[in-house]
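Two complexes follow with subunit A in common, the first pairing it with subunit B and the second with subunit C.
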Partner chain A sequence: MLLSRLRRITFFDFALVLGFTALAAFMSLPIIFILNHAFKPTNELFLFPPRFFVQNPTFSNFEQLFLHATNATVPFSRYVFNSVVVVTMTLVSVIVVSTMAAYVLAKYRFHFKQIILSMITLSLMFAPETVGIPRYLIISGIHLNNTYLGHVLPALASPIAVFMLVGFISQIPNELLEAAKIDGASHVGIFARIVLPLSVPAIATISIFTFQGVWGDVETSTLFMQDETMRTLAFYVNSLLSGLQNSVAAQNVAAAAGLLMFIPNLIIFLLFQRKVLETMIHSGIK
Partner chain B sequence: MNTELSPGLTKIVPQSSIRLKWNRFWREIRRDSFCYLFLAPFLICFTAFIVIPVIMAATLGFTSYDGFGSLRFIGFDNYIMLFTQDVVFLTKALPNTFMFALIVGPGGYALAFLFAWLIHQLPIRIRDYYTLAFYAPSMAGGVALSVVWIAAFSGDRVGYLNNFLLTMGWIDNPIIWLQNPKYLLNIMIIVSLWISFSVGFLAMLAGLQTVNRELYEAGRIDGISNRLQEVFYITVPSMKPQMLFSAVMTIVTTLKAGAISTQLTGLPITPQYSGHLIINHIDDYAFIRFELGYASSVSVMLLIVSYFAMRFAYRLFGSKEEA
Partner chain C sequence: MGSITFNHVFKQYKGESRPAVNDFHLSIEEGEFLVLVGPSGCGKSTTLRMLAGLEEISDGELYIDDKFVNYVSPKDRDIAMVFQNYALYPNLTVYENIALGLKLRKTAKYDIELRVNRVAKILEISHLLDRKPSQLSGGQKQRVALGRAIAREPQVFLMDEPLSNLDAKLRAQTRAEIIKLQSDLKRTMVYVTHDQVEAMTMGTRIVVMKDGVIQQVAPPRQLYDEPSNLFVAGFIGSPQMNFVNGTVTLEEGSYFFSNKRMKLLIPRRYDDQFKRMDRSVRNVVLGVRPEHVILKAEEADDEERGFVSSSVQMTEVTGADSYVYVNVGESKIIARTDPGITYRKDDKPAIGFNMAKIHFFDENTGASLAIGGDEG
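Coming up: the complex of A and B.
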């Protein structure tokens, strides 16, 4: 009897996993499409309805992109370098700054805390593209045009990151923090030794969407950078793609560039999502 | 702090009460100075790049401004017009947004939790790939939308859906899905549900990871018999912060949705305003008619609506202190 019950459960589980996998396969269609699209020859690029799998894979799209890039006024490597610098700086500083802010917001009581919290919540509705002009005025007012800080600082104001971290840090048991305080740890020590390591799942999640946002962002390059050598890869790719919706020429360049922009997102996602699963908040407390 | 002492003091020497309070305030500020120090970097950027620009933009709501001429201050006229004369807003944008948000919000939220929970039941080695699959539509963004759905709902014979229905013999002529006001809003809802596995979904997955596993054992001893009870009595209460975050993000994304109708139909204004959401209304006035003052007042309205929706989410999942 026990055996039959076990079998029924496993059959149900099996069906569930099967259905779930089918759904997952359907959801991942865009990835499959982007991966295949970049290798399609021109005649396959224009098929409608689009075909997901490439029939005659070719590298010519990447050759075209490479040719296009070598003819640009600013070398392609400069855009890549800018993007890497900006993304690294932003990622590190967003993590540190947001975690610091979230730590005190989650664990201490002080004046103005409620007002700051509700402002953060409200600002989640904020859409940067609607306030381009005021932001430009501020950036040029503090002379951040054509500097890396002009890319980084606007991204530092990340209410989503702080809001998410406040939730996670409030779950860290107070006993842990008190124990550390008794052992003589300073505020900075508690932050660096306990809060940061224990909020790794949240930090990993934040890294994923911050990376995605900064890597694909063209706003700072368009509005705050007038010097072409300070603009990022996303801007370059976007300038290739703009006005391409209905044109035939350079569609193949666009396809290759799309893959180029997508691959780092994918890598970062796989890298950081694994970190989410490795941490256990409650492992330190009995 | 010393709440016992100060009221008595204020009664005896009322003239110094303000100074006493002020002193206490400063003492507390100094005591918590490290809090402000920790907050400072974020708060400075936050104020400079979000608060100030938003306030600058919001004041436009009280003006009549076309982006070129001079600003003219007109008080609450924009708001009065919005609620008395703007027929498109009252009969199309508002009901459409209401229906869209009511289905996509709770629906997307429930689906995100369901799938996050199901993924959490899988063996740890393959979880990443399932997460990636569900996150793919939000990660790929517009590409995903145009490739999968525009092709699926294309109005001609070769569109996937028409093709299927025709070969099955259920329809005689291809249906123009995306341009027909009857279908557009429903298609927008389906597509939005498909891309609703974004940040909130990731937060829920991370939240599931933080649930103390010993609680499940304790629950089993206390008489929890099935998985459903486990979810309701242990999992959800243990990950309240993530449920709250996800709920707020869902509210934000559903109220901010609007680009989707443009992406699907390729038109800034949908046929007969059938897929017209509040954001489309704002874009219409801001970027087509250049009535920036009016557009700004509509945005402020939307912000107020979102605030009350968030209060509701806090009521459900927030701790008492924050509600």
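Coming up: the complex of A and C.
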């Protein structure tokens, strides 16, 4: 099997694989750098010429990071906790709201459907900065400052998620839903038993970018959270980095924080990316 | 249980100029195997979907078991449907696919297991129960779809072209199995197909539709022998019925069919019909099936009545029969012949019709001129 495949490799295949390997290696350089950087002792951090790989790995950067925070008014763990709560709540509610909205928009006929779809498409065009002020007015108007809901609500209506899911769900054959209807499934039943499981690849995709958006978001903490205890890890790391920009001593803290912010993104991506492929292979939907 | 009545049912899709289903009026008895047949786009699926409750009825009433069901949801109609593309739930195993309907109806777990296993055994898919639909062949998917329908033991089965995605051999085999299944279960079946062979072999009664309008409702034999109009005559039977245009004239008390090439004495049973047509020149279409066309290898003898000479265009041998395509003047005619006699292109055999088996249709309306008075 392997041999027969080997024999079929042409020069073009070889060049292709080589090219892509080189490209992949090049793309992974920053990741390798972040990983190594976080474990470098101070002398290595400032080595010139700089090195990619760490010689004497140490955890002292992380110790400093956690210590530094403990010296501030809010413990480091509080930021982590806030981030986890906010990300979890947002992810769950974005998935629930977007899939339900997308199912109805994709598979039901009702008045003003086209207008609603156009408005969703339109809202894809707004830069986040332009909605900062109206969001602030709404959040403070309904007194959600310094609450977790204040973090979640702005991210909840995710036009890009709805947009993607509408495209995906409309490809589910109507006959499937009709078969379920005849089998005795209610609207909720059809949604939960058929639509949701079949949308897993799309849900995985929107989960990845929703996670990345929320995990790295500093806007809600900056604008809507005046209480330091309600702010997230991203905000903390961000202020840490910007506050210590010129300080030589803080480069090690920055290196550790950089890795800390990056790791969950990687995990989520790997986790969901596998799911995306898996479901695509096994679903039998072409 | 399981009787169905359509009372002048219409379906008008928004934005369409004419109704997809136009005045569908029909009663289906319980246990009947009814086939809806017609060319693509004639409204068969729409009719079936209205019966299933998947499509709203624009006008008219629908009754199942004498119960008015226009507004009853599909799950409360006690029906099951098999779709052309099977519509198996890709995320569920074969077992779960068959069991879902039972589960949603709150059937006890041991009962579900019992029924799924029984159905699987009947359809010989027991070894597939743990698989996902994507791991099945077309024929196996088809069986699972059938299993899903019969597991619930509904009063009415609805099938929309369930065999059209199978290859010819599997189609013939599954056709036989569906017939057997229906007669074993004794449930009403409404079966949609565009294939007239399927319709003829399966249905106890056949509804032929065209452009949303019922053309004829009859058992297969009657549909074949007594088509009520040109459309049905041409649609049922393969190769299709031959049509020859001509006029009817009265000479010395007998009616004759004639055109440039032929003059045929029309059987007496048509006399009443022609008497009623009060036009002086009566334009008609003569219809005759290939098996009722007589070919004689020798050239036409002017003395012999009813035979004219023809010119062979091509021959088609199917095995048991052979079909000879001939031209008579402008008319093209297909004759079924004994495969023992070979006709070559440009042979000039004499051709005649079995006058006891011919049909006449009104050239303008297409309606058969023999309704009621035909004793074959």
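Operating definition for what follows: the second predicted complex is superposed on the first by the 250 of 286 C-alpha atoms of A that agree within 3 Å, B and C clash if a C-alpha of one lies under 4 Å from a C-alpha of the other, contacts with A are read in each partner's own complex, and residues count from 1 in each chain.
FYI, a residue touches a chain if its C-beta (ideal position, glycine included) is under 8 Å from a C-beta of that chain, and two chains touch if they have at least 3 such contacts.
These figures come from a predicted structure and were not determined experimentally.
On the superposed subunit A, the two partners subunit B and subunit C both fit, without a clash. Once chain A of one complex is fitted onto chain A of the other, the partner contacts of A:Thr222 are absent, as it touches neither subunit B nor subunit C.
By the touch criterion defined above, A:Arg274 lies against subunit B but remains apart from subunit C after alignment on the C-alpha atoms of chain A. Put simply, more of the residues of subunit A are touched by B, taking subunit B and subunit C as the two choices.
When the two structures are aligned on the shared chain, A:Gly189 is found in touch with subunit C, with no touch to subunit B.
On the chain A superposition, the C-alpha centres give an angle at subunit A of 70° between subunit B and subunit C, rounded to a multiple of 10.
Within the superposed three-chain model, A:Thr147 lies out of touch with both subunit B and subunit C [touch as defined at top]. Of the two partner chains placed by superposition, only subunit C is touched by A:Glu175; subunit B is not. Using the contact criterion defined above for the overlaid structures, shared-chain residue A:Ser239 touches neither subunit B nor subunit C, since it reaches no partner. Shared-chain residue A:Pro197: touches subunit C; no touch with subunit B.
Of all C-alpha pairs linking subunit B and subunit C after the chain A fit, the shortest spans 5 Å.
Looking at subunit A, you'll find residues 282 touch subunit B in one structure and subunit C in the other. The residues of subunit C lying in touch with subunit A in their complex are 52-54, 73-75, 79-81, 83-85, 87, 89-91, 100-101, 104-105, 132-134, 148, 152.
Remark: subunit B residues 25, 28-29, 32, 34-36, 38-39, 41-43, 45-46, 48-54, 56-57, 118, 122, 124, 127-137, 139-141, 143-144, 147-148, 151-152, 154, 158-160, 194, 197-199, 202-203, 205-207, 209-210, 212-214, 241-242, 244-245, 248-249, 252, 255-256, 286, 299, 302-303, 306-307, 310, 319, 322 touch subunit A in the complex. Note for the complex: subunit A touches subunit C at residues 173, 175-176, 178-185, 189, 193-194, 197-198, 282-285. Every residue of subunit A that touches subunit B in the complex is listed here, in rising order: 16-17, 20, 24-25, 27-31, 33-34, 48-50, 97-98, 100-101, 103-105, 108, 110-111, 114, 116-117, 119-127, 130-131, 134-135, 138, 142, 153-154, 156-157, 159-160, 162-164, 166-168, 170-171, 187, 191, 201-202, 204-205, 208-209, 212, 216, 258, 262, 265-266, 269-270, 273-274, 276-277, 279-282.
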